[in-house]
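After the structure tokens below, expect a handful of questions from me.
As written, the chain order gives the labels A, B, C and D, with residue 1 at the start of each chain.
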Amino acid sequence: MPELLTSTAKEFALAELPHWTLSENGNAIERTFTFRSFARAFGFMASAAILAEKMNHHPTWTNTYNKVDVLLTTHDAGGLTELDFKLARKLDRLCEA
Amino acid sequence: MPELLTSTAKEFALAELPHWTLSENGNAIERTFTFRSFARAFGFMASAAILAEKMNHHPTWTNTYNKVDVLLTTHDAGGLTELDFKLARKLDRLCEA
Amino acid sequence: MPELLTSTAKEFALAELPHWTLSENGNAIERTFTFRSFARAFGFMASAAILAEKMNHHPTWTNTYNKVDVLLTTHDAGGLTELDFKLARKLDRLCEA
Amino acid sequence: MPELLTSTAKEFALAELPHWTLSENGNAIERTFTFRSFARAFGFMASAAILAEKMNHHPTWTNTYNKVDVLLTTHDAGGLTELDFKLARKLDRLCEA
């Protein structure tokens, strides 16, 4: 099982992910992705779903029209691990050109 | 714009949708769909996304692994309209054999 | 039903779509989309599927890993109509930044 | 790399997959999946795409409206391996209730 990150490690990892914020309890990271249309939002989700399953690490995500709110945490570990930051970086990259 | 349904009309429509419940404020209906795997949950979402866009009526939905929580409301009308029940019936049908 | 386009109209429409070519028999247009990964190719397909169903005009498309070969024709009309070029433009736009 | 299957092994594996046929050159297996709608066909593809990427084994597949023609082969090995039959069984299972 992946190890829980220390507060310092979380801060360090978040510093490189300007679009993500720590949840109130410090156990998850969150980002809202906004797209030009529902079709584009769902295309992003389809790509992301494939990457998530491959990592065997799944988001909790909410979609309304052109917005996708993503929350990442490692349930088995009870908080944030390197897996969450790895998936966050992959999702960010999907939205770059 | 579709008309808001009366309380009686909502009750009548919900009686035919045993898996759905009225939200606390009465302005939305909700159902949790549970699947055997993340892959099946996302396949359902892909079919549902296509139907939703075709109706130009989109859910607010949250996915975590094999579960999909769907909330339907008609934002423009400020509550429940026939569109919500129409989409609910389409989503139910996707899960039948 | 949409009208078949004349040869002149096809040439005119294709001139604005540099990535698309006319099929040998002149009844379809074709483009291969290439992506950085399977996940991105499938994300494109998910967005495109939503747009296609909304137009009620569906591609014949083949995917292998990071490539998607799209063929557009209007079956009901027996050849190319404005619908094909409209969908082609929408698919092109999905791949822009 | 997975090993190429012998003719006997292929016949044995195909005997358990009544919906699949050997391609003419014996290097691939093929099945056409037919659905009630485009939305359902694409939902199947979304589930299948997730499973395929997880196996790191991808189909060559063609979709037209409610039909999906799937061809499976192991490119690296130059023919059929156990991976193809494993994915075929997974795809069949997606279509069961």
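Everything below uses one rule, namely that contacts are C-beta pairs under 8 Å (C-beta built on N, C-alpha and C of every residue); 3 or more make two chains touch, one makes a residue touch a chain.
Predicted, not measured: the structure shown is a model, and the values here were computed from it.
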Contact-richer chain pair [B-C vs C-D]: C-D
Whole-Å separation of chain centres (CA-atom averages), chain B against chain C: 32
Centre-to-centre distance between chain D and chain C (centres being mean Cα positions), rounded to whole Å: 25
Contacts with 2+ other chains: residues of chain D: 38-39, 42, 45-46, 49-50, 53
Contact graph of the chains (line, ring, star, complete, other): complete
Residues of chain B defined as touching chain C within the complex: 46, 49-50, 53-54
Residues on chain C engaged by chain D in the complex (per definition of touch): 38-39, 42, 45-46, 49, 52-53, 58-65
Complex interface listing, chain D residues touching chain B: 38-40, 42-48, 50-51, 94, 97
